[in-house]
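Here's a structure for you.
When the chains are written out, they are named A, B, C, D and E in that same order, and each has its own residue count from 1.
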């Protein structure tokens, strides 16, 4: 058992448990906080996978952006003191069956498939390489991503604009 | 910047023009407040210019941006389709009452443009990441558009359903793509094909689940069963121009990416020759498409029978129509591809026409309920007769373009000796008559209720628009040489043939 | 290649598309000018009659047609769709190919006559005349085209296109349950159409024109066994797929004929349709099915045709007897005539199933005769309905004295309908039976079918009795006899019925050579 | 035992399943969005893991970046839409917004 | 005389047609509705027929044929033509004569009828058809006219269609005839398909050449004879004729006594030479059975016309039987004599009915002799003729037939003796019932005083034909020898031809050559004559005993043999039998078919109703949306599945995603 092994299991446990809590919590605010833990755990995986830039991005964008956004969303749409905050679970039996089913299929696939395994390429820091790639091979996606963000902006603005 | 990336930048002109138009439109909107016609005019002009560039590059083949996207007749065909439909939809929007009533006047213009841009990229992507990205671009724009009339309760509900369903589907798709990436180590579909071919017989469960999950992503875009559930609700809730756009442009974009994905990724890379598509052994994607297509036709047609809302009816009809188009993919050869192209062009005219007529009627009646159209044929003959043309075209009656589309699809099937499939498809088109004719029935065979005598009013613009759809629908039904020639010339992938 | 051009356009194109010109003219006549609309609409069927007389005068009855383009007449061949292509092994070639032979000529004459009669009968239409006549003319074009087309694709287009006006004509101007009847008619025929379409496409891919080496939709080429690629879908002789294709095609046509058990649309459609449309429906439309069998199914699939003669004869027999039995139980005059049509089309089918020259002659002749006779009958129903607003057989009685002219008209038609000698149907029915009798495999069925003669007589006489005999109910005291326009629409048909009953030879001579050629093809004579 | 590809894949599969579970079973729109984020994160784990173990360098990471970008855009629009929905329905329980159905 | 025989028959044929058309189209504009034209035309026609007859007598058989139409180059040729031979020339006279007299008679009889014009035009049409039937030399054409005769008789029988009975009778006549005609037609088909011709001469030539033989020939013969069964009202299709008496009485005289019903006999005579031994047996027995059955029925009938009708059937049976036993010329002879005296009987009956103001029941009559002397005397003469009393024409022909049956029995022996036995017993019964009729109607005391008082003798237009016809019922017309017709012109002219199948033997019958047969006939002549005289006398005597002298209480006797009496009175229950079997069966089948068509065929195709009932959910909606316009098999099915499918569209996004996931799983397991 190496460090990384231990760390992996710890974070895997953390991630999964918190994720389970995210989807099952009665209180949506608890879910949101629990999601924080999950996302953090995933960021830790990225570090374990030597993807430092992604890990940072994960922390910044997800935790700093999306999660906050969602919390705002929750705040805006829920009165915290309200009982409404506690939400029931729908379709419990079929949803359990289907999700377990599809997870089982995926696990089966994961374990049986002959994945492509090569020696990992090790970078000093991935940032430089990512930057290089971003402006060469991934130039177009990069540009398009900006358009996507523009549209998201316009769209969000459109919705957010005050109704007369 | 590395010169080799930009060496072929001229090939990217159509998209560039679109992006520029998009920005110009935004600026124009900011500067010229509330002069929607100007902005729309600008957008149409931009689209036409873009179309001109597409025309210039029609027939060329090239790959751009390190094989992120390609230029080939296939993509150009779809680009023409998108430009045409976007122009039409922009014209729709001008006369749409829903849009007129919406408080924001011009956002839709650049949203439509960005949608067109996304569709352009979808048609030319050869990289799964690009596919995902462009698909998301289209989707995000559509989500916004679906809820465009945000004062409308139904519109916001539609947007909500659409985004959740869309996000789920695309999430599933990117997950599957990640798996495929893990197997082949590349996102480029040509590379993928090469690697898969080299593996020999691929029949692992992985490929199957990946196939299905990726199909979920595309299938949601083309609203194929069982990924169609959003369609009726969103179509019903969205403003009609948006619905038309979703039904035609967005769905055609879905086809453009889906066809290319399947027809490149899972074909033997060594056998990229005309007419004979050799599917990699063990990958049963045609079977999957058969199931989806048959299910789409059956469910689409059968449920459409029950609809009373015109938009919902057209939604189910779109589901069924995508089933027919998929039949062309099942054939998995050049003829099938051509047939799909022909169908798509026909579909563009007849479906947009149907939506336009619906919109004109709904503008006046404030309802798209078929029962409210009772006896409309006598009060507003022109729009009603046009509607009849579109309905019969959609059901595939000869001498309409719809028939030619079906004719080619089924010809391709029969040539491949898929008789049963042809029969199922044709039998379904009988079923489809039920509801298409129902519209006709309400318009012409039923008398309106007492005191119900509202006429649909439209200016010359309305006439011209209806003619724009109806004339090609009939013309291509009677003389389909240009249609077929265009389709055949376009039925060529980059690197294929 | 245009033969017999008028203003540079072939006469067949004229005859087919004249009504379209009429439509265009009608579109520009304002709705209010009802009279003008009527008379303009009337001009075109008259012109068609003139043209079909011209056809008749210039027709060379010695040329057989059927499978040889050289012996077709007034042929027009223009390339319609011609796309050199990579897919589908080369060129996609659809010709605008029209021509007539001894099988189609009678049908064209019939169509033009019935088309004219129909316009006359349409004068009782009182609402939205403009739309009515436009659709009516459209319908006539569709029918004419079907009988002229020699290219399968063209044929199919005409075949299906005719559904649309029919749907509206029944659905808008029909009776109480018009919507139901219209949709039923539409769906049934469309359903049949898909079988046809599958077969047509299958044939296309199985063909290989010996001259050009390409696939073809040309019926005449397809009739040449050498033009069918033996390794293709429908290649070979007597393969299962060929039988299947024959059956599919047959279903398509059978629905139109209609043949049991595909007949149920017919009573509904007839009952609900306005008079003129019933006339067209019974007079011409039904013939398209049997015409199609003779024109397409038989010569292209002679092997299957021979194999299926027995089952077809069974169906024909069922049609004859079952139709007559059902007619007997009807209480509605129009429905009775509708079922009698089923019975009479059974004769046509029996003639076709016989596979003999005399049977075919009888079938074609019977098609013509049934057209004229049933037209008169439906017109008569319309006449009485216009006056009494009911068609219940039990509502009448004693009309013979009140409406003597009407009685005279209808009784001739009735007697023609039961195959009375001296009237045209007798000869055709005799031919049919002779043909059926000649073919040993279906001889027994033919003998059973002759029961139909008795049953037909029974219900027709019963009908006469119920409507014309007995005492006149009070309520019909004011009823008036047939008027001039109605006489104009019925008497010419009656004259045809009588003249052809006495001097059938000019008419039969038109078709004999074609029919003999057809027989030769089926039995591989020559 | 060395941590290999499969470990990450299993975690990702479980996360994917949980995400789907949220989609199917939760009524709250925001929770559903969280489910979508879980699915996307599962995909991201895959991409990074494959990239790492498959010797693909930063290729997979780049893709991950784009997925994250899209997730942001999607989340933004989705929240805007959800807020709009709340204005109309006074709830974010998506099953209650079912005025349109067959 | 060439032209006489070439064109005159056509003129004769077309004259009544002309009369028909003239009256039908212009009758109302002519004075007296043109009846005088019709009458005079017919008399002209009679004269022309006589000319033709004499021309024929001079030059012999003449046949003229033209092409009617053909199919292809000579392979199937349909011809039309006429033949003047002994059969047709005599028939021409008979038909025209009777028709002319009936025309004349009708002028007064039908006077004042609302459809006076129609009546005469129909008579013209009928005469035309009948003449055509007689003249043609071609079996198909014969069938054509055969049917036309049927139609015109339909029109005439149903002439008073305002009343229900004539309608029914007309319909019955037509349909029953049709049954026979189908057989006739099938026979024609056999002949045409084996011999390729319709012309009698060619048919006979073909048979002689052996192209058609054995069972098929027998079948063809019997099938052709089926036509005769229908038209000549032979058992089992005899039921229509008594009912046909609903027509005007002159019509009965024309159609149901002299001409139309004789057509069957004429046909049988025409085809006599081609009938095989078995076919002839069949013919014989049909004739005999008919003769017997109808004679037994006639005994108890009370309607004057019904009695005559059954007697007609009986006599037709005689004729058929005569042809069957090989004495075709006797059959024809009887046809001719019978035509005149039966026409006379019917017309006298008409006269009585006219005089009695439409009373037909003989129980209402009585003592008419005094009021209507001419009618009585003519009736008496005709009755004598019918009963075969010497010095009448009937005596000549009937005895010949009886002799022929005896000869026949002598040749064949065994069971065939039943034929002469039937023949003689029928002769006895005939005498009995005719005199019963005569006695009840004309002798004794009037039973209905009121009617009797108003009764009067008919005018000259009516009595004149009676007198002529009565005169024509005497022996001199046919033969100067009152006890033997052999030397008479008619028998000299009309000889039984040699059968084409002479020498063959069927199951019973033996066709012997003509010489041998004539020999046997000579032997049978006198025994038959005496026997028949005795039996006829006995019959007459019994009638007098029963009804005139009333030595036997008829009522009591009737009571004693009630079942038999009822059996006879109810016509052997044939109508009831047919009603219970054929007709109700057909009607049931017809209703069943209609039901099946409505419910099952349409129902299977429609399907919707059943499917809805099974599913029962959303039925209100279903009616609105689907039944309302889309009911149909597909409608039902589509609607049904559509209903199920649309249940998935719940409007809840979670459900949608659930189905999406479910879809993925299902697809995975489908393609795993």
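Simple rule for what comes next: contacts are C-beta pairs under 8 Å (C-beta built on N, C-alpha and C of every residue); 3 or more make two chains touch, one makes a residue touch a chain.
The structure displayed is predicted, hence computed values, not measured ones.
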Any chance you could name the chains that touch subunit B and subunit D both?
-> A, E
Per-chain C-alpha centres versus the global one: which chain is nearest?
-> C
By CA centroid distance, what chain is farthest from subunit B?
-> E
Relative to subunit D, the most remote chain by C-alpha centroid is chain E
Check B-E against A-D and say which one is joined by more contacting C-beta pairs.
-> A-D
Please compute the C-alpha centroid of subunit A, do the same for subunit C, then give the distance between them in whole Å.
-> 70
Chain-centre distance (mean CA atoms) for subunit A and subunit B, in whole Å, is 31
Cα centre of subunit B to Cα centre of subunit C, whole Å, reads 42
So what's the Cα centroid distance for subunit D and subunit E, whole Å?
-> 95
Shared-interface residues of subunit C (touching two or more other chains) are 179, 183, 187, 191
Where subunit D touches two or more other chains at once, the residues are 5, 9, 16, 19-20, 23-27, 32-33, 44, 49-50, 54-56, 59, 66, 70, 73-74, 77, 81-82, 84, 87, 94-95, 98-102
In subunit E, the residues touching two or more other chains are 629-630, 634, 646, 649, 651-655, 657-658, 661-662, 664, 668
Every chain pair meeting the touch definition is listed as A-B, A-D, A-E, B-C, B-D, B-E, C-E, D-E
Tell me, which parts of subunit E touch subunit D in their complex?
-> 646-647, 649-654, 657-658, 661
Subunit B partner, complex, touching residues on subunit E are 625-626, 629-630, 634-635, 638-639, 641-643, 645-646, 648-649, 651, 653, 655-657, 659-660, 662-664, 666-668, 670-672
Residues of subunit D that touch subunit E when the two form their complex | 20, 23-27, 32, 94-95, 98-102
Residue ranges of subunit A in contact with subunit E within the complex = 90-91, 94-95, 98-99, 101-102, 105
Residues of subunit E defined as touching subunit A within the complex = 652, 654-655, 658, 661-662, 664-665, 668
